[in-house]
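The letters A, B, C, D, E and F name the chains in turn, as written, and every chain counts its residues from 1.
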Amino acid sequence: MIYITRRERFNAAHRLFRPDYSDEKNMEVFGKCSNPNWHGHNYQLFVTVKGNLNDETGFLINLKTLSKVIREKVIAKVDHKNINLEVDFMKGKLASTENLAIAIWNELEDSVKNLNATLHCVKVTESENNYVEYFGDK
Amino acid sequence: MIYITRRERFNAAHRLFRPDYSDEKNMEVFGKCSNPNWHGHNYQLFVTVKGNLNDETGFLINLKTLSKVIREKVIAKVDHKNINLEVDFMKGKLASTENLAIAIWNELEDSVKNLNATLHCVKVTESENNYVEYFGDK
Amino acid sequence: MIYITRRERFNAAHRLFRPDYSDEKNMEVFGKCSNPNWHGHNYQLFVTVKGNLNDETGFLINLKTLSKVIREKVIAKVDHKNINLEVDFMKGKLASTENLAIAIWNELEDSVKNLNATLHCVKVTESENNYVEYFGDK
Amino acid sequence: MIYITRRERFNAAHRLFRPDYSDEKNMEVFGKCSNPNWHGHNYQLFVTVKGNLNDETGFLINLKTLSKVIREKVIAKVDHKNINLEVDFMKGKLASTENLAIAIWNELEDSVKNLNATLHCVKVTESENNYVEYFGDK
Amino acid sequence: MIYITRRERFNAAHRLFRPDYSDEKNMEVFGKCSNPNWHGHNYQLFVTVKGNLNDETGFLINLKTLSKVIREKVIAKVDHKNINLEVDFMKGKLASTENLAIAIWNELEDSVKNLNATLHCVKVTESENNYVEYFGDK
Amino acid sequence: MIYITRRERFNAAHRLFRPDYSDEKNMEVFGKCSNPNWHGHNYQLFVTVKGNLNDETGFLINLKTLSKVIREKVIAKVDHKNINLEVDFMKGKLASTENLAIAIWNELEDSVKNLNATLHCVKVTESENNYVEYFGDK
């Protein structure tokens, strides 16, 4: 079993808030992250897949293919977008880094399986001080 | 003459566009950066000041004071904000990194003078691949 | 189960030595790290907690609260301090990165439980080439 | 149980290809990485070992000793070398990052055991966007 | 006058040597960098251009255009290549970082002029410890 | 004219204070940096030299030689040391980053001249947020 990780990046706007909360309550729970005019981040996405080496290629997986899948399934939908308003796989969800990591996992899990590998970890860094990791529903 | 640099960070949303352009024209000139629903960045701000050493303190300038000035004059106004809609010193300007660097220079120049130093450079990094530097009007 | 990590930083002096060793023996075992006049580091502390998402907030844990806990329980005690002489939770221990990571775990474990999460990992980086991880007593 | 990681670096040339493939087939499978005139990388190697603290030293392992072992067993053989042509432990293997990580594991496993610790992970980063991790044959 | 910098990256093999030196002399002058079987690096290229703001766009220069020029004129020729054997603008030159920076300047100077800006600096980093800057022939 | 930069690192303890100040006054002026029990940093030192290319070697200067000079003249004296107590070139000076940069310049200037190059800049980073640059007495 070997693990390989690909980093991709995206820039997006978002806002943490609940529509059923008052502005005051949103500010109390989410602080400045609830600014109604949005703010944004340079997100980094680290996708780790695992599996057995293909003896013919010496690869677990062709990283170009993995990168292409991540860019089609995720980056194309979130890069230079508003996560709350424009990202189909985040519809109806709070735009937290936690929910983002889980939703990205769900976007990628089957595609990675089709590449004969297993998705191991989705890591999303929101800033140099914060990151979230999701290893699937277990 | 010695140079000292302080880094501060802020997260903000923005959009590149001209209200007098059509949506098509904005897309043509500014690409995905013109997304009407905004996108955002983790900006890094590097402020370099220069001057002579204070022999008593061994400092050019007290970095805590410089940091406080930058946070009051700049960070408090841009962090977790929408640069196009909410930042007084960017009103009426295109929200490009170039304009941001120049506007931050103008916000800081006099305050640095009051600390007995001279503002030398404002550097704004928008991503790991892009940054702008402004050395004043010369 | 989701994992979230917060980075905090501190600058401290320390020295590796045993009072029951001679100076020669300390130098032999600990090398230049045993310098009696101390040396120091910019330490980075990564605290990873795990648990279930709070569906109402979309958070595992409020990162501002986690950051506040880390700063009160750890950073306030070690930042700009001498680890050997001034840090209560390192009293009587060798000031190695290993012992520091374990002691920080012990400082944080209960407080993280009070936030309805579980401490997963304490990682301390001493330099760009060295770091220690502790996952608790298991 | 505690985990400690040492980073070492090496610069090397390599090429991904199979001698039993035609040039066209190599290009199809390995892309520009199969360039017959080689290309190269600044590799980073992170070696993580685990074990119990030595109460006398406060160490899991003396990092200087671990660094010396990594440099003798691995870095001296790959730094400023051609991985395909000059590295004994890569003879007859495709020069992929995956194979490199596994071969480095095999070079280090016994030496780490002799230091009274257990090799936990060999991580090789090929670029800022790609890395491989190997945790042994399990 | 404002300055903007774009970073691009390339991976390449090279070797420092003079064909008119003996192997011993090459080893004496260039050390392990003269390995006849090549070694390689992840190079980073920082291109800084300067000029006046375009008031209509808020840009000095469109960074996408600058990136495209750098990729066509430089990256396409050096990425995953052997600098000594395959790079037209390095033919007959010692493959040092200094010569590389100067040659890249010459590749880019006119193209930047055509974008209504002035090339200010070409910076090439060979490792995390070494970089070269060239500001043109002055 | 070409510029080349070498990075070296050192870990040291220090304290900002004046012996002619009371403890209260030291705390007022220097804050927690005046802790009598010291604190410390992972310093990074960037030494930039300039000059003309040696056409025979393609170098401005042999970086191994430059590194050796920096390590002998500076790193050997400050690494794992107490800057206030043990560093000859800092005797009687406030241990500020500014004074450190100037003193390192004075240590290196002649040695760089002996290598047929000119010292251009000494940059000392004390943390990821602060650095000082000195370009000599001009």
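We adopt the following convention: a contact is a pair of C-beta atoms (placed from the backbone, for glycine too) under 8 Å apart; a residue touches a chain by one contact, two chains touch by 3 or more.
Values in this document were obtained by computation on a predicted structure and should not be read as measured data.
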Query = What chains touch chain E and also chain F?
reply = B
Ask   = What are the chains that chain A and chain F both touch?
value = B, C
Task = In steps of 5 degrees, what rotation angle do you get fitting chain D onto chain E on the CA atoms?
result = 180
Message = Taking the mean of the C-alpha atoms as each chain's centre, how many Å separate chain A from chain C?
response = 29
Ask   = Taking each chain's centre as the mean position of its Cα atoms, how many Å separate chain B from chain C?
value = 34
Request  = Could you tell me which residues belong to chain C and also touch two or more other chains?
outcome  = 128
Query = All pairs of touching chains?
reply = A-B, A-C, A-D, B-E, B-F, C-D, C-F, D-E, E-F
Query = Across the complex, what residues on chain E touch chain D?
reply = 9, 11-14, 32-33, 35, 37-42, 79-82, 85-86, 127-128
Touching residues (chain side chain D, partner chain A) in the complex = 16, 18, 29-31, 93-99, 101-102, 128-135, 138
Inquiry  = Under the stated contact criterion, what part of chain F meets chain E in this complex?
reply    = 1-8, 48, 53, 56-60, 62-64
